[in-house]
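Following: one structure in structure tokens, then a few remarks.
Naming follows writing order (A, B, C and D), and every chain is counted from residue 1.
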Amino acid sequence: MSGLPSNEVVFFKNSEAIAAEIPDGAFLGLPPDYSMPAMAVVHALIRRDAKHLKLLGVPVLGLSADLLIGAGCVAEVESSAVSLGEAGLAPRFTEAVEKNLLKIKDATCPAIHSGLQATEKGVPFMPLRGVLGSDLLKFRNEWRVIDNPLRRNDPILIVAAIQPDVALFHARWADEAGNVWIGRRKELATIAHAARRCFVTCEEIRPGDMLEDELLAPGVLSSVYVSGVAQARRGAWPLSVAGVYGIDDAHLTLYAKAAKTGEGFRRYLEEYVWNRTPEKNSSPAASRA
Amino acid sequence: MEPYAREELLACCIARLIGDARHVAIGAASPIPATGVFLSNFLHQKPLRISLLHKRSGNPFTEGSRELFDLAGQGRIDLFFLGGAQIDGEANINLVQAEGKRFPGSFGSAFMYFAAGRTILFREEHSKRVLVPRVEFISAPGWSPPGVERRGGPQALLTGKALFLWQKDQRRFRLESVHPGNTLDDIVKSTGFGFDHQAAANTTAAPSAGELVLLRSLVAKEISANYPEFAARVWL
Amino acid sequence: MSGLPSNEVVFFKNSEAIAAEIPDGAFLGLPPDYSMPAMAVVHALIRRDAKHLKLLGVPVLGLSADLLIGAGCVAEVESSAVSLGEAGLAPRFTEAVEKNLLKIKDATCPAIHSGLQATEKGVPFMPLRGVLGSDLLKFRNEWRVIDNPLRRNDPILIVAAIQPDVALFHARWADEAGNVWIGRRKELATIAHAARRCFVTCEEIRPGDMLEDELLAPGVLSSVYVSGVAQARRGAWPLSVAGVYGIDDAHLTLYAKAAKTGEGFRRYLEEYVWNRTPEKNSSPAASRA
Amino acid sequence: MEPYAREELLACCIARLIGDARHVAIGAASPIPATGVFLSNFLHQKPLRISLLHKRSGNPFTEGSRELFDLAGQGRIDLFFLGGAQIDGEANINLVQAEGKRFPGSFGSAFMYFAAGRTILFREEHSKRVLVPRVEFISAPGWSPPGVERRGGPQALLTGKALFLWQKDQRRFRLESVHPGNTLDDIVKSTGFGFDHQAAANTTAAPSAGELVLLRSLVAKEISANYPEFAARVWL
């Protein structure tokens, strides 16, 4: 891995400042809707009119991707799926793919995990069982089927290492030392380990160093992987932060309906993204932790 | 016989398919499979381990979203569920694109269909649009040639109209039963692939009174915590 | 992976009962001295005169291995190192190897982690950078150097998956549901994920289900991987349980001195293993958490 | 000049070798390297990140013992320390066996020597028994042929008598300085491999008054928390 920046954590003022750190064209690793996307930064990226982003879903994407795609920020998506879960298809993603406005690299969940774990370990590839006979293979030149070197006549898939330019997510806590508490959402650690830079928003910045606390430490992503942090209260809204607030199902349903048309999506952006600061943006959500 | 919802019948079908599985995992947005699995759990003496990927509280996973796949790779998942925008007669599934329409994507199917002990295919819509002669895109193949390592594969295909069992050696579905209100002829006409069947089709057994009581009490409570919209639609 | 037993957790009465579950000849995955070996079970294995064990150090071994080797319980050791850390060489290990009484498969730390992670993912091997040119390769027939399938003329090591029969370690807490809190000692999870069976002793059995607690869950090894649990207070003594009691440095020094000779080692066993129950065994240690 | 302990001199040598490293990791049982690294940290304006593998309280690792190796694989470790039961003139190290004696084993050396940005070799004993023409067992090689991916390698070899710098292109050590109380002739006689040197050897600079103050206050405090026996021996 080359060009890793200094491992000192920068504390940013807000989500806008983090969005400004993510350049156009960045390969951006994002968690699924159930694993704390940094929605406030997603909104800020739309407000700063980010362009040509390449999104990596770890391993799937939802609202965060649909918003960025609908707002014209995205050139390419690599993911195992893009959907709004119980709220149905991701309408802006679906339309963009059907109209050929978006390059999509279809993957399957464990291939993305393994590709990131390869970068995490500094190896160029990882083997993966299954997948043989799937048409996914036809579109992935960076994958290979080889003969298992330890047992002949045993074809096995080799997936290439994946290195995002930027990992971006939300968390419950960061601390003054720059550590981030991700709890049981360990895919966030995998993205951070593999990415060149990692930006995090959090509900709250705690005093002290969580690594000193044996009860918190197991859920901590060490500051060694963290490039920058900003506080964003309710920064995952309308998605959830386990133990703090639940998913805003009603809002997701509202979005799914609004975004069915380009016009409805533009009205949604107007109301929930353009005319609101991150702080205001999160205020209407009902808490249901 | 008491009236019941279509979802309740399908959940009962699933509960009856679970057999001796010890550990069932349920992926994204699968309220009917989840309902069937919880029903099975309340019906049987030996408790099932149920790993609901998106359980909102007390989620069983502590290693993040890769743990489900690692568990399956270790051989610790006996039963899994998959759907499909299209499913064909060789049990191939397509979660990507069909007739110019884009669907969410393959999720973990290309791995889980191999690694889980067995997989129940579930799709409510039973039409020639969904059950096709050949899927347009194979997200995950229904079978693998000799020499390809594969722990599991399809057990059954459950739709809103019928239940098919997979015949591994013949690589072909066999119609097991037709849900009440449908006929063999309906099934043949609305299925795009050929399948084996008896001269006269069995009818899928309706939910028993006991099954309905459990569905509407203990099971409904579990489901509403994780699939609130579904639970509200079926049981409110 | 075949023959995985039922995933129901059995609660055993004590460390002796767990030692009885570990058959002679078992391939036994053990953590290093700093990561909570189940010392009470190690003592019980010696008392039950276990034979022909194959020890796997994840990734190194210390006191636990030296005791088992000295007591004649061990046929083979696969590890990246066996030492007592600041207290010096592991005397029983050293003598056994020098006298050719023990088969040793020398490894290097990340090769063991990767081998276990291969089993964790259900793949037959993992690639690993480095190692090329090390004499370790000469003695490992189950490793191969291949050409990187994704970039020619790039030799890379392939290490074979490792599957222990039994994972054995100590933990601070288990709960009534059979979950185990391992805190930040994630190598314990890796061993458990990869092993056919996993036995754990713990300081305390908590009521309820730790998976319901978002703050504890990140450090929890789910019961799905746990075959059996027994309470053993101070069960890691003379080693440490972070946040509960510290390492008993004085005892380690005492051991290192005593075990320099076979006679001294026998006297040590007499005093600290044979004539004590697990409960008594841990009582003399001074706490220094 | 104030009297100082041999360990203090060696720690000062290490502190001076750290240069622009941003992240130093220290493995098992390495109190002198740890002392040097903490000293460097207190001396320089830009704080070093110091990851002490066995830090007893506030340990920086939350992913278990594999995290150090993953960090190195990611290129996030600029500097690491290794020792050797034997070290030879090509910077190969042997941690396994020598002259019929068994040593603990290779630890992570076979990986870390490649993956860390650079490695300081440290061994207090300076004798022909340790510094040999050719190690009996290569735990980790000092250099790799072209085509073998390798991020880093040796920077220096520090012993109780002298400091050598590694010359990558020549694959050979060069004597940098001889510790006070030793002569070039001593070094030649007690080194089993050939090395380059100037006609007259430099003497290793003694610890400065400032270095000693820091060592005996701030550094001693850090070290005693993790290497209590060492700290007691040197500073009590």
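Please note the rule applied: contacts are C-beta pairs under 8 Å (C-beta built on N, C-alpha and C of every residue); 3 or more make two chains touch, one makes a residue touch a chain.
Everything quoted here is computed from the prediction, not taken from an experiment.
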item: Separation of chain D from chain B in steps, with touching chains one step apart; value: 2
item: CA centroid of chain A to CA centroid of chain B, Å; value: 29
item: Where chain B and chain C are represented by their mean Cα positions, the distance between them in whole Å; value: 40
item: CA centroid of chain A to CA centroid of chain C, Å; value: 36
item: Chain C, residues touching no fewer than two other chains; value: 110, 117, 121-123, 128-129, 154, 156, 184, 186, 189, 217-219, 242
item: Chain D: positions in contact with at least two other chains; value: 59, 61-63, 69, 73, 115
item: Chain contact graph, described as a line, ring, star, complete graph or other shape; value: other
item: All touching chain pairs, where touch follows the definition stated at the start; value: A-B, A-C, A-D, B-C, C-D
item: Of chain C, residues touching chain A in the complex; value: 110, 114, 117-118, 121-129, 142, 144, 146, 148-151, 154, 156, 158, 160, 182-184, 186, 214-219, 242-243
item: Chain C residues touching chain B - in the complex, by the definition given at the top; value: 1-2, 4, 6-7, 119-123, 189, 193-194, 209, 211-212, 217-222, 224-225
item: Residues of chain B that touch chain C when the two form their complex; value: 22-23, 49, 51, 57-63, 69-76, 115
item: Touch list for chain B against partner chain A, complex; value: 28-29, 31, 54, 56, 59, 61-67, 69, 73, 95-96, 100-115, 137-141, 144-145, 147-150, 227-230
item: Partner chain D, residues of chain C touching it in the complex; value: 32, 34-35, 58-60, 79-83, 85-86, 89-90, 93-94, 97-98, 106-111, 113, 117, 128-136, 153-156, 184-190, 240, 242, 246-247, 249, 253
